[in-house]
Structure formats: structure tokens, C-alpha cells
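The structure under discussion is supplied below as C-alpha cells; questions concerning it will follow.
We call the chains A, B, C, D and E, going by the order they appear; numbering starts again at 1 in every chain.
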Amino acid sequence: QDKVQFFPVLSGRTGPVAPNATPWANGHNDYMKLVNVRGGINGVKTLVEECETAYATDRGVECYERLKGKHGGATVFQPLSTGITFALTEKIPTDKIPMITSGYGRSDSADGGIFKWNFPLIGHYWVAGDTVLQHIANKEGGWDKLKGKKIAVGYHDSPFGKELLPIMQERAAMHGFSLQLLPIPAPGVEQKSIWLQVRQQRPDFVVLQTWGVMTPTAIKEAVATGYPREKMFGTWWSGAEPDLKDVGAGAKGYSAVMMQHGAEFNSPVVKEILEKVHAKGQGTGPKEEVGSVLYMRGVVGAMLAVEGVRAAQERFGKGKVITGEQARWGYENLNLTQAKLDALGFKGVMRPVSTSCQDHMGSAWARVHTWDGSKFVWASDWLQADEQIIRPMVKASADKYAGEKKLARRSAQDCQS
Amino acid sequence: MAFFLETLFGGLMAGMLYSLVALGFVLIFKASGVFNFAQGAMVLFAALAMARFSEWIPQWLGFESLLLANVLAFIVAAACMFVVAWVIERLVLRHLVNQEGVTLLMATLGITYFLDGLGQTIFGSEIYQINVGMPKEPVFLLQNTFEGGILISQEDIIAALVAACLVAVLALFFQKTSTGRALRAVADDHQAAQSIGIPLNRIWVIVWCVAGITALVAGIIWGSKLGVQFSLTTVALRALPVIILGGLTSVPGAIIGGLIIGVGEKFSEVYLGPLVGGGIEIWFAYMLALVFLLFRPQGLFGEKIIDRV
Amino acid sequence: MFYRENGQFKTSYSADQQIFPIAQDRWAILGLIAIAAIGVPLLADEYLFRAIFIPFLILALAAVGVNILVGFCGQISLGSGAFMAVGAYMAYNTFVRIDGMPLIVALLSGGFFATLVGIFFGIPSLRVKGLYLAVATLAAQFFCDWAFSRINWFTNNSTSGSVAVSGLEVFGLPIQTPVQKYLFCLSFLVVFALLAKNLVRSAIGREWMAIRDMDVAASVIGIRPMYAKLSAFAVSSFIVGVAGGLWAFVHLGSWEPAAFSIDRSFQLLFMVIIGGMGSIMGSLFGAAFIVVLPIFLNQFMPWAGSLVGLEISTAAVSHTEFMIFGALIVWFLIVEPHGLAKLWSIGKQKLRLWPFPH
Amino acid sequence: MSAPNIVLNVNGIEVIYNHVILVLKGVSLNVPEGKIAAILGGNGAGKTTTLRAISNLLKGERGEVTKGSIELRGERIENLTPADLVNRGVVQVMEGRHCFAHLTIEENLLTGSYTRKDKGEIAANLDKVYNYFPRLKTRRTSQAAYTSGGEQQMCAIGRAIMANPSVVLLDEPSMGLAPQIVEEVFEIVKDLNQKEKVTFLIAEQNTNMALRYADYGYIMESGRIVMDGAADDLRNNEDVKEFYLGMGGGERKSFKDVKSYKRRKRWLA
Amino acid sequence: MSSKKIGDVILDVSNISLSFGGVKALTNISFNVREHEIRAIIGPNGAGKSSMLNCINGVYQPQQGAITFRGQTFKHMNSRQVAEMGIARTFQNLALFKGMSVIDNIMTGRNLRIKSNLFSQAFRNPFGIGGAEKEEVKHREFVEHIIDFLEIQAYRKTPVGQLPYGLQKRVDLGRALAMEPQVLLLDEPMAGMNVEEKQDMSRFVLDVNDEFGTTVVLIEHDMGVVMDISDRVVVLDYGKKIGDGTPDEVRNNEDVISAYLGTSH
């Protein structure tokens, strides 16, 4: 029997976010297949099994319970849902399984001193929020140009959406612009009144923190109310092909911030997947999707999951199957240099990521891309979220959490283990 | 002022769209006493069929005309809805003659699940497009009177017109034809209707089929506005306050209810929402309906609820 | 042959009015409780506890509550999710805001607040009936959804709107492991089911049913519709509220308003109707059906597929699960519109006749 | 009696409700063309069930015919829908009225002619019904639910007449009607029977009335036919006299005098 | 037959008018009921008999007139009050609680007398802690008497919906009797029964009237029954009173004959 490293997948191939969550799972699984073609993680084959959550928290929890003990134990979970993340955050410390929540979940879980098992690798909501504002400021010609402006924030009325708000409020206070908060109840297929309010207040910019069908609906309503798409900016989850495809030319000019990757049809890793997986007829989804934004997000997620295991193997034994607890160490001690990333096929896709006991995020790089009517093109240079602002926010929030839960900050010794 | 008018107008248009979905509920309830929770699922199913067939048919037959594709897809989708109606009658309703309202309601919930699953299995669960050539860009009226003019969505106007026509036709059908009368009889008492020779089976196929076509029209309009995806089923929840406000058994009620709810919720969200943090329109719609009910427990135009000893 | 009440003569009305008048039933139910309390913890694994037994127990409790309102008093409600939410959030607030608040008291206080809210939203029932009321109760659902996500006080000012509790204990015993949680929920269910059963077989229960079956006649014999309906709303939302607290505290640990969305309301209504309106036992059947079936289908299908060498994608599994689930609901309704409980009692009736056909 | 054709032939049927409650235990009866037959029997004897079995309305009550056969003019009808039966001329007037509550009296009557397409015929039938029941005409525009019990009963009977039936199954037509109206109803029955050759099968408690108008009677008890015979014979049977006509010992007994404890006689224990 | 004493007026209906839209159900009706008597109301279909009872019961509110019960005058009645005052009622179109068993149906008639509150009912137990169980047993005993009296022992636990019509009527009566009423309003209790069953029913009514001294108001279309058992009869026609008196007087009243009785009686 082959040695296998088990990566459970909580997929959302049905329900309100299916169009967006499906490519993610496809990308994730394709990359795992590619890892196996490449010879596994130092010889250990990867194994995935999916469980369908339909973006519902209770189903997600059931899936977690179902998968966590299978195939020798789960390595790491990536729930792809903020609700599920919140629920699992309570469970993983007891089960000793780490959780990667790239770009979603709890922003404060970047603080590894409190959140030992959570890894919002490569960024979280506040990074996305901060960089999107930076981009707007840059376009306007500096932060001071934002003074007196009004920015509307349309957000998914759930923890997913609300998590963005603290950074927006922080920045608004700093730079003197005002916010118009527009909660959009899930699933968000009726947004007329939201856009009437936009019409009424005529904000200078609209930032969308939406997910699933909510995004295309928002853009369509914007078209219908004549709000210029050039002034609309999505965060990481609100700017992928499924969101814009069927709006087509109508969405031209809409931008979204991408933490690390965007649509990467020409990247080496995509070529390799096409060649080694899809060409063999083993692709998970349709070929056209390979390299698209959310597909790439799945690929990146899988790569991070695998590289953490590889890192752990350095410590706990090369070519061994790693337990969840050991993998956690790996995620905490990731050091993906540009050279390593390039070697893995992520040249031009990603910038270095390196984590530590205190920093479970590892990088805060982002770019902005714009829809040209049929595809995304890069519209900005690399941006980096302002750690000066974000770090204290993370710490404050994490401390509050610790206070409620009566948790102590991890000791230096605990950080070594 | 301009904005007030715009909101009013937007509310009226949204209301018309709700009415379209509400209509399906009313039809089935009026004609068979079944509160059809599957209406949302039927809208989705019909819209999926429409979207996918208008994409597939040109591929299969190798032509490019959008119009032709839409016409053919409409016919095929309508046929699908007919099959759905027929199957529902055969496999479900027929066996539940004379059962209580809740049982029937529950059965339609079962149908909802089934259709949701079936629709996505056959047609997929991504976002699909229905392109019936609806104009997307807004027009601005009275630009001279108001600064910026009053924004009107052409798409909404067309949708509202379609809804109005559909309602007019159906209202006539119910009031003026003997089938209409038979349908109302069935709703009152399945068994008595059977006993005097009203063929429940055929009646139900007809009604569900008409409701299916209504769902198709609603699906096309909503779908071309929003894209077709699973979440479309939730428009049913938007239509519920409309029908209770208008009255479960009244076709015109569905329209008036729709307009009141549409306007009410837009005004509440736009003018009241910002004061309390927003996101209030959906419960406001239900509360509004509830307030009306306190004064008229059968809704504005519903048939009086009879209790006599 | 063995299932007979023959020869079991009752010598007092008290004996005749027992919850289970037939001795065999009494033993069976005691046995069941014994198995549930002792056998299950020995046999089941963690997954079964966390994914099936605990949700089942809690939702069964909620279904008992909903059944009182819907099944016994005939007031169709689609707001049960909201009452669960009130129970959960108010229990949370009692728990975290008052130092040293015992868990059980917090849960009961959640139930208490749910009762208040339930009574408030029950007021329209005095005028509005049937499906109109059902839809009107959605007002409660959407309003509570909104209130708990918009009013920060309820979430103790958490930025995300998600709240969590930990360190549960009762009388110094921790409620941490799945078995502990299971037993905790089980005792709640047993106690509340018993109380509920007592109510429905007493005067108040008869008032509820009278209102359900024929309200005009009920008022003519002196039953006050207002008292009957509002007390049903109160008792129902109390139980539902406590279940909500358990769901949040024990099952989820951390939650957001979406945990008590309209889907939850529907789910509870399903349980009641599939299980049997007007039957406490039916609520349990219904809850078991609704909790277990989807999970079973979801796992069974890939397995069945693998037997014939078919790999089914999770999306297909999920869609098929929907279809089968829907079809089964319809099928059960056709077989027995009065629910599993009725099916059960017909089965028992047949057993009494057995082996003679009539 | 020259042997007329048998329209309805019920042959040893058994009916079970809810899969467990056995109600009819082998009921057989014949209704000759153009005659009036009556089923008599106490509460719960199974009269309604028999009629429901014939008109195929059992399903909605969760009952089913498990044995025996039912023939209409030689054709097996167990598998026909009620609507098919109406098309073949068999209409049932259900026990307990069952008017369409929200429809007006006139609409109720008009639904009765759903199977009729000829406008003139429908109008004529409507006139006929209003002639029979003038009271209905005055209430034609009120919703059926708000009419009195007797008015509803008239409406139910009138609705059946609207279908131009050839066989009518009448379930307790006299219930709740004022004595005059009862008389009228039976006169109408006789009228239809003689003028339009409509065959009737009547389930009735009002034995006196039923036997006066019927040609043939069946007496039913606990799901079985216990006695049958020409109406005149039954009327003169001592047992029938005592238990169904209240004329034990030849004299009509006052209701006031029966109060002392009395053991009922039954044909079956 | 015991010689019962007919007492004073217990229920007095004066000048009641009730109309629904254009339909005048009752016009200026007055009559009274004396204690212990059996008072019949007869009249053609739609005459307003049931409506009259509904007014007394507080189901309908007359536009005009007043009802006096034991000296207290009411503009219109409230159902609960009526029940508390001791007026019970059966219904023309069976208004039983379909989903409940016979016992439970009759037990609802005792509900007004049940004192234990919601909590003691919830914590009801066979050990006699709290009064609920004891109270329940006490009322159950009473109900069993009624069941014996009406001879429906065999159906105790059957859901009433499954009973044949005639038995349902008996249960309906049982429920009213369980209230131990002073005045019992019966709306066509014998409809749909054969002679034998009507005899039984008459016997029940007479027994109740005799043994408990209950006043009975009876609506019935069977003239045999009405004439035999009632003490006085009111005749209504199209909402108007056209006759009032002893059975014999009424039987010979020309108006009554032409409006209702016809020639055959």
C-alpha cells in the first residue's frame, strides 16, 4: 500500500456559491494530482476526498467530522466558508488539525500567538480591504485626495462580509473619507434597493465584498442604474470569471484586488497541469477553466497545503506521512522563497511567503486586475497591505478573543514545539 | 423629489416582478387548494431549461440566430414544464386527493427538493445566461425638470408589461370560463368536485402546466436580469408576502400586493434602512403584509375565510 | 401474537391514563432509554455522536416544541428558526454577561426569552389563520435574522457577528467530549419530551387540540382561543428556544445568525409533518428521518457507486441526494399522510391482529 | 315485476379503511334499471361506505375495495375515476352536503354540469332545479357556506341533478331537511325516476320515507346485508316495523315512552 | 315518568334581530325558556334556528335586542361567559374535534372546571405530587359516567373522525353534557338517525332533563320527536316568529301548518 497524505476538501459545488466554489475545488484537486505525477511529497502520495457543504455551516461541520479521521487522519482543512471557519475554529484545537483559510475566515487568526491552528495564509480580509483602498488612493493621486470622498461598501450580510468593515472604518477615520455601508442579505439576488441607495448617495466609489451570485447581480444592477463600473472595486472574492462572464461587456472596467495570484492562464504551473493532468484525461473540471482566477486559488491553496507538509517532513522525517499536528508545525514554519515558488511553477504568480509562530499569514501582497469585457488584465503593480495598521488591529482582536475564551498567549516554548 | 420618484418607480417595477412569481402560487392555490412551495423551484427549473436549451439548440442544429434559438428554447422549456406538471399529477397529487392542506404543502416541499436536484443534474449549477434581447442600459426621463433625470430601467418596464398581460389573461380565465369555476370548486373540496364529475387529474395537469408556464415567464425575466442560478429559487421568498397581502386566492391581488410590497420595501430600505443599519427590506415586507393581515385576515382581495358552525 | 393488551385490565383511571398504557410499550420505551443512555455511549464513535446523535437529539427537542404549536395547536409556524435563534443568543448573553452563570440556567433563560418573543409573534394568530399565519410567522424569522446580525448588543459587539462559547460545565462536570455532550442533550430531550407529553395529555393539551380542530366549537365550550394559542406559542417557543441554546452551545460552539435561518424553520416543519403532527413520538421519528437520511444518502451513494465502479462527483451526489430526499418525502406522505407516528401505530394495530388478517 | 336490466351490480365487496379497519364484509346488491333501491341501516352500518365504493370515492378517505366486484351495466367499474363514472351517468350526492363553500349557490349548481357541454341543456337543468327548490333561487348569489344546513342539502341534490344523471347515489338526502322538504325531495326523486327513468340508490335513515318511495330495500348492519326484499314486504316485516319504523306492536310509540332501558334486538350478535 | 317542575324563566330572548348583508336571518324574535322545560325551536330550512342558537352562544352578535339569562341582561354574549354561566351546546354540522379521541372530546367539556395550572399539568405524575393527576382522574370518572350513559364505551379511544355520523352526534351531546350545563342547546341532534336511534337519543334528552333538571332548547325537524318530548315550541319562518306554545297549540296553528308542517302532519 502506498503511503498517502490525506487532504480533505470541503467543496461547495452546489448551492448559492456553486459557480465560484466549483473551480476552486477543481484547481485544488488538479494540483494534488500534479503533485502525485511529480512524485508525491518526497514520495508520499496525496489523496483527496470531497464532502459537499453547499456553503452551509452545519453541513460543513458534519463534513469535517466525517473526514477528519479518514485515510489516516486529515492533514489540513480548507473550508472555503467563513461560517464554517468560525465553527471549526472551536473544534480544531481539540482535534489537533490545522486549517488554512486563505483570504477568508477570521482576520485576527493571523495572530498565531492566539490562534495556534488557524492559517490565513497569504492574506485575509483586512489585507484585501487595505490594498483595494491603496489602489483607489493611488488612482486618485494619494490618500489625501480621498478626503471628503464617499465610499460605499456593499457587503454580504454575514461574518464573511462584516469582517471587512474594521479596516474600512480604520482607514476612513485616518484619511477622512466617509463610508456608506450597504449590507446585502444572502444570497443577494434582489439588490434593487441597494442600488437605489447608491443612486441616492452617489458615492465616489463602490467596494464590493460579495460572494457567489451576489457579485454578478451587483454588477448587473450597477449597469441598470448606470453606476460606472470603473468606480467599482471588488475584494478578493468578488472578482472572478464566473462573476463577470455573463455580464460580459457590461462589466468592462470593473476591478478587483487579488492577493498574490489572479487569472494565470500562462503560468508554468497551469501549463504543467494541462500537460500532465488534463492531457491524460484526468482533469477534474473543464479544460477552459484551468488558470482562471478561482481555479488558481484552488491551486495555490493546494500548493500551500502541500508545502506545509513538505516543510514538516523536513523536521519529522522525509518521506513520512505527516499527522495534522506535525503539519501544523510545517505551516507555521513555511518559507516559500521566490526561488522555491518559481521551481514549483508559480513564477509570476506569487511572491514569497514565510510564516512564523506569531505570523500565520506569511505575506500581504496583492495586485488589482480589471475586466476588459471578456477577461481580466492587471491594472496595478504589486501592493502591500500596511502592516503598521493591520498588525495592531489583528492583535487587539485576537486578544479580545483570547479574553472571551480565557486563552493564554502561546509561550515562546510553545512556539518551538 | 427625483429620487423619490425613482424609488417609487423602482419599487413598482420590483413589485411587478414579484407578482409574476406570486401569480404561480395564486394559480395553483386557487385551483387546487395546494400551497405550492415548489413555485420557486419551478421558476429555477424553467429558467435553467430556457437558458440551457437556448445555448444547446443552436449547437445541435448548427444555426446562429438568437431569435430562433430563443423561440425554440421557449417551446422546449414549455414542453418540459408540461412534463413536470404531468409527472407531478401522476406521481404525487393523484395520491393525495382529499388530504389536508399541510400535507399537500409538505408534498410540494418534497417536489421542491426533487426539482432543485433534477434541474441542476440535467442543466448544471453554474450561472447561465438568458439573452432575450432585453435592453440593459437605463433611460433617463424628465432630465430637464430634475437634475440627473429620473432613471428608469427599460428592462423593468418590459417585464412589468409582460406581467400585466399575463395577469389580465389569467384573471379573465378564472372569472369567465366554466373551467375556471371548476378549478375553484376543486380548491374547496376535492371529493365533492370528483363526485360531480370534475376530472381532478386533468384539471391538475392543466393548472400545474399553466403555473409552469408562468414560472417560465418569470424565470426568463428574472433570469435575463440576474442570470440563472440556484439562488433564483429564493425569489419565491420575496413573493410570499405579496400573496398573503394580496390574498392567496386573488389574481389581481397578486398584482396589487406586488406593487404595495415592492414600493413598501424599497421605501423602507432606502429611507428607513440607513437609520438602523440596513438590510431591513425583507422583514419589512413581511411585517407590512402582517399589518395588512391584522385588518384583513384573508389579505386584501382574498376570499373570506369561512368558519361557521 | 405477543403484542396484545388483552388481559391487561386497568383498575383505575390513573392506570388507564398512563403515557404508555400497554405494558409491552412501557418496557420497550424504558429499554430504549436505557440503550440510549448506556448502550450508545459504549458503542458509537465520535463521528456518530457529533454528526448524528447530538444534532438529532437537539433537533428532536426543537421538533417537539414545534409540534406543540403546529401539530397540537394547529398554528402553522415558519418562525421556529427565529425562536431557536432567540434562545441561542439570549442564552449566550446571559452566559457571558453574568459571571458564574450556570449553563443550565443560561439555557433556560434563553428559553424564557424565546417564550416572550414567541408570545409576541403569536399575537397575530388571534386573527390570522392557516397559511396566512404560516407566512406571517416568516416575519419573525426574517426580523430575528436581521436583529441578530445587525444589533451588536446581541453578539457582544463581535465585529464579525459570530459568537462563541466554551468551557461548558454542569455541576462541576465538564461538557466537552462528544459523549458528555450527548448525554447532556439526551437528558434535556427526555425531560422535555416527558413534560411535553404531560401537557398534551392534560387539560391544556386538549385545549390546544380543540382550537386546532374546530376553534368556534372550542370557544363555545369555554376555551379561550387567546389563552390556548398564546400558551401554545409560549410552551413551544420555550422548548424551541432551549433547543436553540443547545444547538448553539453544545453542537456548534460558535455560530452566526445563519445557523438559524429560514432553512432551519423549514427543516423543523418537515420533521413535524413527516414524523406526525400531534405526536410527541412522531417528532423524534421525524427528526431522525430528516437528520439521518441526507447524511446517509450522501455517504451511501458514493459507496454504492464505487461498488459498480462509478465515481460520482460530490455535486452529483448532492443533487441526487436532493432528488431522493424529495422523492422520499413525497413517498412517505403518500403512504401515510399523517406521518411516521401514524405508520407506527398502524403497524402496532396490525401486530395486534397478527397472525390473523382481521 | 318483469325482470328489468340490472344497472348496478355489487358483488361481495369488502372495504378496508386505513389498511386495518375492515368495514364492509362482503356486501352484494343489485339495482335494477329505472328503479329506486334503498339501503337502510343504523349508524355505522356501512351505507356510506358502500356508496363510496360504488362511486369510487374511497381513495380520498384512505379506504379501498379489497374483494368483490362492482359492475355498471355489465362493465367493471372499480378502476374508473369518479369523473369517468359521472360521464357514464353515475352521480353521487355525498353525505354531509359538501357544497363548495366559496362558490355561490348558482355557481355550485353550475359546476354540477361540468360534464355537460350544451348551453341550452344546462340552462334548462338550472331552471329545473330552481323549480324543484325555489328556496335556492332566492339564495342563488350567497356563498354556499353561509346558507343554512337545509339549503346546502338542497344545493347538493340540485348540483347532482345538473349532471343529467342516469343513476344517482343519494346519501341521506333527508338529513336536516324540514319535513315538508323531505317529502318534496322524495317527490322529486319519484318524479325523476318516473319521468326521466333515473335509477336511484338511496342510503337513508328515514326508513319510513325510504320504504314508501323505494321499490326495493336492503337492510344493512355492521358491514353486511342482513335482509333484503321488496319495499312493501319490508314495510310489513315485524322486525323492521319495530326497529326501523318505530311501530312495535302495530302502534306508533311516543318518543316519550321509550325512555326505560331497552335491549336492542339485532339480527347479528 | 317523574313529574318535573317547570320553574321560572331562565333565559329570555327579546327582540333579537340579526342580518347578514341583505339576508335577514332573524327579525325581532322574542321568546323565553323556563327552567327545567324542553323548549323546541322548529321552522323550515333557513328560518334562522341555528342563527338563534349562535346568538345565544355569542358566535353571532345580533344587531338588535337583548338576551337575559338568570336575570342578567346582555346586549350580546361572549362565548366564554356563556359557557361559564352554564349554557352548553351541540352543533348541527358536527363540530367535534376530529383529531381527538372520544374521551378527549368529552373531557374538553370539563376544561372549564379544571383548576390546575400549566406547570402542575406539565409536572403531572402518578405519585400524587401536585394536584393535576388527581384532578384528571376525578374528571375522567365523571366523563366515564357520561360515556356509560350514552352507551359509547366501545369507542372510548377511537378518533371521532372515524366514527359514523350518528355516534358522532352522541359524542357531541356527551361533550355538552360534560359541562354539567343548566341549559343545553341542541341543534338537530337526531338528524341522520333512524327511528331506533332517535328513540335512544330522545331517551338521553329526557333523562338529562329529568334527572339533572337541565333545561333543554331543541331544534329538530322530526315532528314526531318534537311533539312528543317538548313542553313548548317556538316556530320560526324566514327569521320571523310565527308561532309559540304547547305542541298541541302549535300543531293546530294555521300559519305553522302552511309554513312548515304541511298537511301530512
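A few comments on the model shown:
By our rule, contacts are C-beta pairs under 8 Å (C-beta built on N, C-alpha and C of every residue); 3 or more make two chains touch, one makes a residue touch a chain.
Keep in mind it's a predicted model, so treat the numbers as computed, not measured.
Chains that touch both chain A and chain B: C. Chain closest to the overall centre, judged by the mean of its C-alpha atoms against the mean of all protein C-alpha atoms: C.
Between chain B and chain E the centroid-to-centroid distance comes to 48 Å (mean Cα coordinates, whole Å). Rounded to whole angstrom units, the spacing between the C-alpha centres of chain C and chain E is 40. Centre-to-centre, using mean CA coordinates, chain A is 37 Å away from chain C.
Within chain A, contacts with two or more other chains are made by residues 13-14, 18, 22, 157, 183, 185.
Those residues of chain E in touch with two or more other chains are numbered 59, 91-93, 95.
Touching of two or more other chains is recorded for residues 146 of chain D. If you check the complex, the residues on chain C that touch chain E are 12-14, 16-18, 195-196, 198-199, 202-207, 209-210, 212-214, 216-224, 231, 235, 278. Residues 18-20, 22, 62 of chain D touch chain C in their complex. Only residues 1, 20, 23, 43-47, 50, 92-93, 162-167, 188, 191-199, 202-203, 206-207, 221-225, 228-229, 260-262, 264-265 of chain E touch chain D when the two sit together in their complex. Here chain A touches chain C in the complex through residues 11, 13-14, 18, 22, 50-52, 54, 56-58, 61-62, 65-66, 69, 82-83, 86-87, 89-91, 94, 106, 157-159, 162-163, 165-166, 183, 185-186, 397, 404-406, going by the rule given at the top.
The part of chain D that touches chain B in the complex is made up of residues 55, 57, 59-61, 81-83, 85-87, 91-94, 98-103, 107-108, 110-112, 114-115, 143, 145-146, 156, 159-160, 162-163.
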